[in-house]
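So, here's a batch of structures to check.
Each of the next two complexes has chain A plus one more chain, namely chain B in the first and chain C in the second.
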Partner chain A sequence: MFERLKKLKISPFIIPSLVGFSVLYLVPFIWGIRYSFSRSGFDSTFVGYANYSEVLSSGAFRLALKNTGIFMSVAIPLIMILSFLLALAIYELKPPKLVYLFMMLPIAIPSAAAAGFFRKIIGTGAFSLMNSDYAMLGVILIFIWKNTGYNLIINMAGLLQLDISVIEASKIDGATYFQRLRHVIIPLCIPTTVFAGIVTIINSFKVFKDVYVLQGSYPNPSIYMLQHYMNNKFNDLQYEKLTSGAYIFALVIFVFAFLLFYIDKSYSKRVGDSI
Partner chain B sequence: MKKVFIGILIAISLLYIFPIAYTFTNSFMDEKQINSYYIETIPDQFNLQQYYSLALDKGEYFKFFLNSIKLTGVIIIGQIGIGIFAAFALAKLKFPGSNIIFAVYVLAVLLPFQVTLVPNYLVFDKLERLFDIQLLDTHLAIILPGVFSSFGVFLMRQFIRGIPNEIIEAARIDGASHIAILFKIVIPVIKPAIYSLVILTFIDNWNLIEQAIIFLDTPKKLPLSVFLENIYHEDYKVFFAAAVLYIMPALLILIKGEGYLKEGLVMGGLGNEK
Partner chain C sequence: MVKKIVICLLILVIAFSQTACSNAAKEIGEHTGVVIPKPKDGDATLTIMLNPEEYDALPANKFFRDYVDRFENNFGVEVRYESIGSSPGQLIEMEEQDEYIKELSMKLYAKNGPELIFSQFMPLGPIIRQGAAAKLNGKISNLDKVYDGLLDDEIYFVPISIRYYSKIINLEALKTTGMEEPDVDWTSHDHYEIRTKWLNANKIHFTSYEWYMAFESIVDLDKTYDSIHNRISLNTPITKKNIRDIRRYIFDGNYILNQNYKFENYYRMITEDNSKEFQESRDLFSQYEQSGHIESGRYENLLRTIDVYSNNYNYGTIMMPEYSNKEVMLSAGGFAINKNAKNSELAYEFINGLLSNEIQMQIFNDVEDGFYPANKDIEEDIKALEAEKVADERVLQTKEYVLNQIKNEHMKIWNAENLDFYNLKKMIEEDFIKIILADKEYADVELSAKLSELEKKYNIYLNE
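After this line comes the complex of A and B, so read on.
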């Protein structure tokens, strides 16, 4: 067998990982496309994009898509700005080390353990935040509380690797702090910020854990998200809906990711050209 | 002026630590106080009652704790043990298709559980129907996808790329095999990445919820990340002690390894290509 692999020039080192990954993820992911165009998991009659249009036009999916969109477009910029400012403040002011540690510790706290506190503050009673129309606000708060740490680590690293001589030069040229921030510090931090953005997107889907422990599979409709939709489709075991939902979800994420990579690439190119 | 800003920073950091501190102090309160309508922060009298009754009356708590340890431990060991070979191959042993494989691995990292659990589920279901291999409702249904999740390969590959090729070439000329290079040169150099991977994977899997609620039906197989919810509803009087014990491993690992995390997360993401 190894002779054969050698002929293919594929390293045996990759084989265990590649086999496991293919069997559990890649092959069924591609295989599943078939289901998304079939009448059902048991009846493979080709139905075209009927499943997709059914998913896209269902009320639950639209609600989930809308809420996920609201959540991501508010929470992600908010946490990125907040953590950049916090990192900048820590970098410039050098407060006691505990400040940094305290902001970071929430990343280690499991959702179910933190739920005791959040229930008490915003989660119980008919008039609580989580049961009101503004429940999304609570979800965003929990998300920011829990994920600032990751962004802080990345932003701090970006700031700490700044070339001091560039900053000194701008001081000598008489730039004010805000000019320096705008024209030197922020542009130099773009690569770390893009990476922080990718990590934030990945983590933003995990907010499901916190919403789930607080409100279960069918939460307040104003915080019913794509993750809930998918989760509940597992219970129905409708393969055709499950797979077409997954592909729509995946497509949205890939488009997002490519956009970010593209911004990063074109930006680095521009900076590269101007230097 | 500077002092004012530092004061504000300290105040913000206290907001971040408050939910954790609240959980800890509440674990030392008696039943009456945790049931109080108000937000109680300081125990009326320091009291270990919650811990005693957890240990004496709620022995099953520790079974769920063990479930969590088993799932998290096996996933970490498996992901690193298998992933390190793949990461080395992808970073240093260029072969046709290696870039495509890496790109697919990266895309998989981006997807949320609700998407990746779908292919996992299709496989488990097929195995059960065609070969009568039961994986659904077993811990393996969580462990296998965890072990082969591409995140570890991705992170370690980024680090291995940073090792100068000259070092590896030199060892090869001296007659070292790939295995020897991996164990004698690569692994010692990327230890910080491995530590940070352990921390990140631990935090993530210690809090695994999606996989458990979809793949497990039998209540006694649940990890604590899901079962703690039952304690909240059925045994509120010991909830905070249970939560504190559950938090501790993740918290200690984070505090101990915080320095590595900085290195691992950032270098891994941005790459240190040479």
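After this line comes the complex of A and C, so read on.
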């Protein structure tokens, strides 16, 4: 009974956060479904799947979905691999703390300042990278530059939590460094990596700010992404299209997230419970 | 156990939020014919929403104040004004117009929003397109009095008064060119020729005004737009020729150019009102206006012939209509009705009264406002007045030309339209500044690449 009472004491601490989350995220998310089946924000006539079908048949939406897919499938694995390798290097080599600082500093730079910096780096005028067909490279560069430090912290935390005895046992068994990396360190870091992956997916949406500052509401078509589409629909008061597009996008994200959780679960079965 | 408590609490919060935020938008029933409106549920108010800048256009006018007093006495209601943000009469920036539209849409969504939305400058197109405005066909009897060309097949916006923006030619300046006065159905090319001849004889500085005039008379964006497929084509020989022509026009001797100016200076001069370059440009233009610029004079509503005649006499100008090869866009003061309004029948009657012959004649007689009545029934009465006061046959013919356009063609009313293509033209113009005023002229291949890129971008905008 004493244990039960102890557990009840915890709930007042999490309820405010849960209520806030429900009111600010969950309720609007559910409420928005109604908009997506209405004629417009001002006319709640039920129109079935008309909005979804209009959104899916919109060339602009399909382009935005394609560009967002390309960006996420290239930038997210790239940043995860890069940040893991950097974390591993720091873990093994133990460089001065200044190295940490330089890697994490880009997180703190505001989007407007970062955009100004990249405008100089990538170029202006008729031949800037951001105005060419390779503009996506510029966006990926900005994203990696800004977010590697954040992922580095998460991966470092994962590496520092590793049980040294397991690694030493593998050394005693005669495993080389790459064998230890492949069969011990990486599997044990999977839970952290899954978490970093989810955080990276969330952070990938924020690259819209930088692109918006660089190129406005209608950027180079090769970097026109779902957030541009939704932002423009919001500005145009087309809430029904906005919510329809958002739910389609949410479905894609859920698929990614479930994929990551599945990877985590299958690896957990192989190496035991998560750390 | 803890989990169950938390889940129950969550469900309660979600359920409470659903009921608290329920949408009670009511359907407006069919309204057949005009009935004597009575305020609903004892709520004796009729609210008019307008943005602060338009305050002077409506409540400050004597004829409107008198009309409101009579309406309040006849129907036992109070007419209230509602605005957003700034105080009445205060100007708002173009960038704030989007914010005004968003705030207005939130009010319209509410059950207790305003009955009437007045617009003279603010674009109501997005509100109308999203279904926030009531359809007015068959609900206002005096709609039959409005010029047909001012009404859509489905009526959501009722113009009370209209303004047709004129163009000006200064006669003294025209004489220096040796050219005749242009005909009323002049084209952008006619204007271009007049300006070019005048500039050859009178060297002036290149200013932001000159940019707009050059762009308007040389570049024809209407031809780039395919309205059937809703697509724009920029990477065409004609567009490239226009770009080269306007660049030559600016840089090959027509103007005195500031030798220290680079592309960034020109860009700021044209697009940034607070920049030093813009201020200098404006000061220069003011000087030229006073010393006989080809377009110096006072702009008037071309339909108000008495004012046009007076200004022509005072400033030595002729006022011209829009180019016959370009689309005419009118500005109109008018109302839309909130679909969710409580006292919509009162709102119909309010507009009905404003369209009456008596009130429309008062609009014509209101010199301060400078608008022309939207009521065609009083056209002959106005002509009789004009015949007494206007001694210039050309002025009367120009008005007849413009009125025929309004009678015979569907006119676009700027503040009631879906302004996608209009906004697109502004975006294109800004992007063309970067091409036309670049430090170095674009080679053909570069220009094609740039125009292709812009074309793709704008087709996204049009087909989003």
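Heads up, the rule we're going with is that the second predicted complex is superposed on the first by the 243 of 275 C-alpha atoms of A that agree within 3 Å, B and C clash if a C-alpha of one lies under 4 Å from a C-alpha of the other, contacts with A are read in each partner's own complex, and residues count from 1 in each chain.
Simple rule for what comes next: a contact is a pair of C-beta atoms (placed from the backbone, for glycine too) under 8 Å apart; a residue touches a chain by one contact, two chains touch by 3 or more.
Quick caveat: nothing in here was measured; it's all calculated off a predicted structure.
> Can A:I14 be said to touch chain B (first), chain C (second), both, or neither?
A:I14: touches chain B and chain C.
> Applying the document's definition of touch, where does A:A169 land relative to chain B and chain C: first, second, both, or neither?
Once the two structures are laid over each other on A, A:A169 reaches no partner at all.
> Between chain B and chain C, whom does A:L26 touch in the aligned arrangement: first, second, both, or neither?
In the superposition, A:L26 contacts both chain B and chain C.
> What is the contact status of A:D43 with respect to chain B (first) and chain C (second): first, second, both, or neither?
The answer is second: A:D43 touches chain C but not chain B.
> Taking the superposition on A as described, I'd like to know which of chain B and chain C A:V255 touches: first, second, both or neither.
neither
> Between chain B and chain C, point out the one touching more chain A residues.
Of chain B and chain C, B contacts more residues of chain A.
> Which partner chains sit in contact with A:I186 here, chain B, chain C, both or neither? Use first/second/both/neither.
Touch status of A:I186: no partner.
> Name the contact category of A:P110: first (chain B only), second (chain C only), both, or neither.
Once the two structures are laid over each other on A, A:P110 reaches chain B alone.
> Quick check for you: in the superposed arrangement, does A:I201 touch first (chain B), second (chain C), both or neither?
After superposition on chain A, A:I201 lies in contact with chain B alone.
> Do chain B and chain C touch any of the same residues on chain A, and if so, which?
Shared contact residues on chain A (touching chain B in one complex, chain C in the other): 8, 10-11, 14, 18, 23, 26-27, 31.
> Per the contact definition, I'd like the list of chain B residues that touch chain A in the complex.
Result: residues 2, 5-6, 9-10, 12-14, 16-17, 19-20, 22-23, 26, 39, 82-83, 85-86, 88-90, 93, 95-98, 101, 104-105, 107-123, 126, 144-145, 147-148, 150, 153, 178, 182, 203, 206-207, 209-210, 213-214, 224-226, 228-229, 232, 239-240, 243-244, 246-247, 250-251, 253-255, 258, 261-262, 265-266, 269-270 of chain B touch chain A.
> Provide the residue numbers of chain A that touch chain B in the complex, in ascending order.
8-11, 13-14, 16-18, 20-21, 23-29, 31-32, 35, 86, 89-90, 93, 95-96, 98-121, 145, 148, 150, 153-154, 156-158, 191-192, 195, 198-199, 201-202, 205-206, 208-209, 212-213, 226-227, 230-231, 234, 239, 242-243, 246, 249-250, 253-254, 257
> Taking the complex as given, what residues does chain C use to touch chain A?
Residue list for chain C touching chain A: 1-2, 5-6, 9-10, 13-14, 17-18, 21, 23, 25, 98, 101-102, 105, 108-109, 126-127, 130-132, 339-340, 427, 438, 442, 446, 450, 453, 456-458, 460-461, 463-464.
> Note which residues of chain A are touching chain C in the complex, please.
These residues of chain A touch chain C: 4, 7-8, 10-11, 14-15, 18-19, 22-23, 26-27, 30-31, 34, 39-44, 58-61, 63, 125-126, 131, 218-221, 224, 229, 232-233, 235-238.
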